[in-house]
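You will see subunit A twice below: alongside subunit B first, and alongside subunit C after that.
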Partner chain A sequence: MKRKIIDCEKCVGCKNCELACMVVHSPDENLHQAYREGGMAAVRARCKIELTSGGRLFPEHCRHCREAQCLQACMSGALSRNEQDFVVCDAETCVGCFMCVMSCPFGAARPATAGDRVMVKCDGCSDRTFPACVETCPTACLTLGEEAGQDDGVVYVNPPQPREACG
Partner chain B sequence: MRHLIIGNSAAGTAAAEAIRANQPHAEITILTRDATFYSRCQLHLVAGGVRPAAKTSFVPEDWAQRHGVEVRLGWDVVAIDPLRKEVSCRNGDSLPYDRLLLATGAGSLTPPIEGVRGSGVFGLRNLEDAQGILQRVGKSRHVVIIGAGLVGCELAETLAAGGHPSVSMVEMAPHPLPLQLEMTIGARLRDVMSDHGMAMFCRDSVAAVERDRAGQPRAVVLKSGRALPADLVVCAAGVRANTDLFAGLGTIGRRGIVVDAGGRTSVPDIFAAGDVTESCDSTMGRVMPSAIWPAARRQGRVAGLNMSGGSTTLEAHTGLKTSAVLCGTPLVSLGPVFEPDPAWRKELCEHTDSRNRLCSKVCYTDSNGVLKAAILWGDISQAGLYAAAIIQQLPLGDLAFGSVPDYLLRAV
Partner chain C sequence: MPHCKSADTCLSHYLESRTDINTAFDRFAEQQVKCGFAQLGVCCRLCSNGPCRITPDSPKGVCGATADGIVARNFLRMVTAGAGCYLHVCEATARRLKAIGEGISPVPIRSKQSLDQLAAMLGIEANTTEEKARLVADGVLADLYKPRHEKMELVQFLVPQERLDTWNRLGIFPGGAKAEVFDALVKTSTNLNTDPIDQLLHCLNLGISTGLYGLTMTNLMNDVIMGEPEIRIAATGFSVADPDYVNIAVSGHSHSVFAGLIAYLETAAGQDVGRAAGAKGVRIVGMTCVGQDMQLRAGASGTEIFSGQAGNNFTQEALLATGAVDMVISEFNCTLSGIEPIAEAKQIKLVCLDDVAKLTSSELLADIPGQERELAQKLTRMAADQYRQRRAPGSEKIRIDLPRHGHQDVVTGVSEKSLVQFLGGSLQPLVDLVAGGRIKGVAAVLGCSNLAEGGHDVMTVNLTRELIQRDILVLSAGCTTGGLANCGFCSPSAKDWAGPGLKGVCEALGIPPVLNFGPCLSIGRIEMVAKALAETMGVSLPQLPVVISAPQWLEEQALADGCFGLALGLTLHLAQAPPVTGSPLITKVLTEDLPNLTGGRLFIEADPVKTAELMEGIIRDKLQALGVAA
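And now, the complex of A and B:
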């Protein structure tokens, strides 16, 4: 199966991935309309570019972990793994207990900031042929490919090195 | 191999799934007293009439079929014979097992209060409790909830939000959620709940439930002498592990069945997982029950894997993790907030977000800067990172500023 490959060296922080994610997850894929009606809170991207303590850029994407903590924490049955192997949330079933939010060690499960009290997370663009973030990335930081070795649904290449000393 | 699982909630179902993943052909049977699959975390929604009981199932309809599990609903196990390796049920049948899992959960604790037993007083632990409350709450004029823990608070909030005119809470501690919050945030929650129409009686407890001539509750008398009118009383003052089946068989600790990190009890081939057990909490280093859904799922999974030939241990296990949304405010509590080490440094940061909501963070760090406990109020979107930092004993570091913390990169 093709997986999202994230080459951190190639990220320039343009945030096109975030924007594309907001667009495809807006009602009718109309970002302007969603923003006009609900402001910033209504348009939430599922991915995020973070700045590391070493000053490097880090695209933070849901890993669709093999042992997904969000999935284990879900008490409503809203989170499940679909046929494409993505961990997805059924907003109709979600009751917004946010135990997934406190259980995801990467911060990839988050509360929706507008509308119903539900969680939002990356759905791998299951209903599209190509994830919007990958489609729009201008630097080939995000690509799709077959990479051996890692079990999760997302593979990181050249991740920033952790700082040696802590505290 | 024949696997028998007693209980069909978080731990029981997680174990069944794990066993099936390991052993495609093993026989898996779930015996449960319950009549359906339902999520205990949603009982307050059922009691408040917000969500029908039928919609609280946490597994898909074809779950049993998909995982090849035989589910016997309404089967009440009354005894275990570990020598003959079989269990006997109330209906007279007995079933043999090769591996047995006790996932019997916990039940409401009824506090020793005069008049507390009888009609009109409910716990909130089973679907029957929730449906009993739902039946009466429409006609009731005054609801009193004993105990402002998570169950009590969520129920109170649901009833008040649903328009019930009189919801009162009685709590011994100075503020609601005493195990999850410290003074500052606790006092704020108390005020917010009062603002939302709940009458909060903190630093007080219930001395007696008074009943009228028909035997129905009439008032709740507090230790302070005050009497609150009440025709519906809910006891949400803690739980007791359902260890009765295991009594006399093996080691039961102070608050649950003793298990090792692999979910094994002291009796060969008998495992236990979920609220019926007590286990070492990684954030506190102390043996205690872990009464949260995610912990029960993880325990069930580990037990299931070990029952089916695996050798897995439960790591980074904690029950000291709570998330709730009360009066519109999401909050998350992590770690031993109720009993912080006096040497820990406590910091409170507050800001107002783009939607003008007050967001607070309380962080406890030790002398090395390692995050030990935290409370998030308002903005919980980074709660998972804080939880990971606490369980992995990592410094708070950059989390305070919102950028990606070092430990996160290590996990890549």
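And now, the complex of A and C:
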């Protein structure tokens, strides 16, 4: 299966991945409609560009972990692993306890910023042929490819040093 | 790399066959990944705390600027630049007219009648032609240079009183045009104006000076210097270039900058320079809008030495790649930097006459009023030398690969005056055609061409085809016209693509279904037609049953033109939203609230069929509101 490969050296911090993610999770999935009448606040990008304590850009994406902490912490059954091997959330079932938010070691499970009290996370763009963030990234920091030797659904290349915490 | 298409299939094939050159059609594909923040207008780069982008996680800039504030000032900056461009052309034209009036410029005045009419409209009286020219120019320059708190004086006759009242009510009637541009830049700088509505009103203010000075006064002054448009048949397309001549391609927007060159080439001495180089003579080939202007007025100036209009903005790289052009003279915009490597490969000399249009590899020869004759001689010599070098035996011979392209029977020279003349002295026959139901209405398809709307001229051509099929007469000005003419829409035979009503009218009058007003500056002429139509029908501009579309708007000038249309109270269609959709407030004002402010309306639609349906519906509603049977 093709996975998202993130080459941290190539990120320029343009945040178009965040924007693309918001657009595909907005009601009419249209860039020009996404910011309409407060609509922008209701959708939240599932990915986020962070700055490390060492000053490096770090695209923070859900890893779709093999041992997913969020999934294990979820008591309502909202989080599950789908056929495409992505860890996804069913917003209808989510009760907003945010145990997942506290469990994810990467900050990739996040509370929604407006609307219902639910968590939001990357769904791997399961219903699209291509992840929106990858499609939009102008620098090929985000690509899809075969990368052996790692279990998680996302592969990081050239990651920041372990002691560089995300701010 | 996939190749961007053109509605002009001949051009498309030619570009595909020329794998040796790189053009905008190739580069378009390489630039497909777009920055969404720029498209939305929510990126601000005004200070060192930025750039700031508006997202749910960061809904305000460091300074506190909101999406509405950031979008408004970005948009105002674009409109300001666009207004500045047209005002620059107006200023250059007025300076030339003044120099002629003062006897400094040796350039002839080709239409004394235009001068008399213009002076009369401005309330200027003088004993001699020269004095009249000087006083007109002085009046225009004085208005352009007024401070912001002194209102423009001269051009009020160009719009109905109802418009002046509306503009005064909204406080958008401009002061000195250049000062308005200046203060718009001040207003949009760091931590100054944060009121999106105030900034939007400033956009409309700039639209008014763009339209009345940048477009209309420029046209009227150029009519004096270069002669009035006359309806005639002309050729378009690459085939206008004849490689047996020294070919000078022109690009820009200021017709009278070429007054000296045209006058010189009209003399035997000018043509002899080309003959001495082994050519049959020297010809000007039209490229971009200034070529359109030459085409429009070629009945009065440059009749013999102007070959015709080769094509619009995005055809220039292909035109130069044919090898048929020896020199390019640019005096203003729409000269793509992409022509530079092609010019180098094809040994084409690049010259610019104004530093605002300076390309890295072009030679700047400043156009100074009073020195037109010397400059013309120098330019002609340079072009002839280039021709000689390019054809010198022994030197690497320049291959000429000129496709058969374009049309020989394009109807051109349509203006606010020539149209009225053609219709027998008034616009009443046109009103009767609409009122009698023979045609459904009139639409203007104008402005630029871009590659973004399905390809070069694709939306323009598809929309125009839909409109004429619906028996809607199309008026066109700008690169849209260049594209439409090259696709056959300005030739009489295009009547066969029109609906039965419009076809009948075309046959009866011998006109094509698309009336070719020439360059984008002629958007000002179309405004004058609209004003005359409104007067003939006894209605206000917002009531007028016409719609305008700039289906493939490209640049900042187009946005300033658009603001003019909206200030006039007209309904404007764009296929692509300008970068304002990141602001809920600006989007709402432009698309919903404007009818209550100026009476104008903006709508965005990318599909040509839906657009034509909407345009037809708007015309029908306006006709019904006037009680005219549709």
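We take it that the second predicted complex is superposed on the first by the 152 of 167 C-alpha atoms of A that agree within 3 Å, B and C clash if a C-alpha of one lies under 4 Å from a C-alpha of the other, contacts with A are read in each partner's own complex, and residues count from 1 in each chain.
Note that in this section a contact is a pair of C-beta atoms (placed from the backbone, for glycine too) under 8 Å apart; a residue touches a chain by one contact, two chains touch by 3 or more.
Note that this is a predicted model, so its numbers are computed, not measured.
Of the two partner chains, subunit C is the only one that A:Ala45 touches; subunit B does not reach it.
Of the two partner chains placed around the shared chain by superposition, neither subunit B nor subunit C is touched by A:Thr129. With both structures placed on the common chain, the touch criterion links A:Pro159 to subunit B but leaves subunit C unconnected.
Contacts of A:His32 after superposition: subunit C is touched, whereas subunit B is not reached.
Contacts of A:Cys14 after superposition on the shared chain: subunit C is touched, whereas subunit B is not.
A simple residue count on subunit A separates subunit B from subunit C, and the partner touching more is B. Under the contact criterion defined above, the residues of subunit A that touch both subunit B in one complex and subunit C in the other are 40-41, 113.
By the touch criterion stated above, subunit B contacts subunit A in their complex at residues 10, 14, 39-42, 45, 51, 55-60, 292-294, 297-298, 301, 321-325, 330, 332, 334, 354-355, 368-370, 380-385, 387-388, 394-395, 397-398, 403-412. Against subunit C, the residues of subunit A that register as touching in their complex are 14-16, 18-20, 22-23, 31-33, 35-38, 40-41, 43-45, 48, 113-114, 136-138.
By the touch criterion given at the top, residues 33, 35-37, 39-40, 42, 53-57, 59, 67, 577, 581-584, 587, 604 of subunit C touch subunit A in their complex. Listing the residues of subunit A that touch subunit B in their complex gives 39-41, 50-53, 58, 60, 69, 72-77, 80, 93, 95-99, 101-111, 113, 117, 156, 159-163, 166-167.
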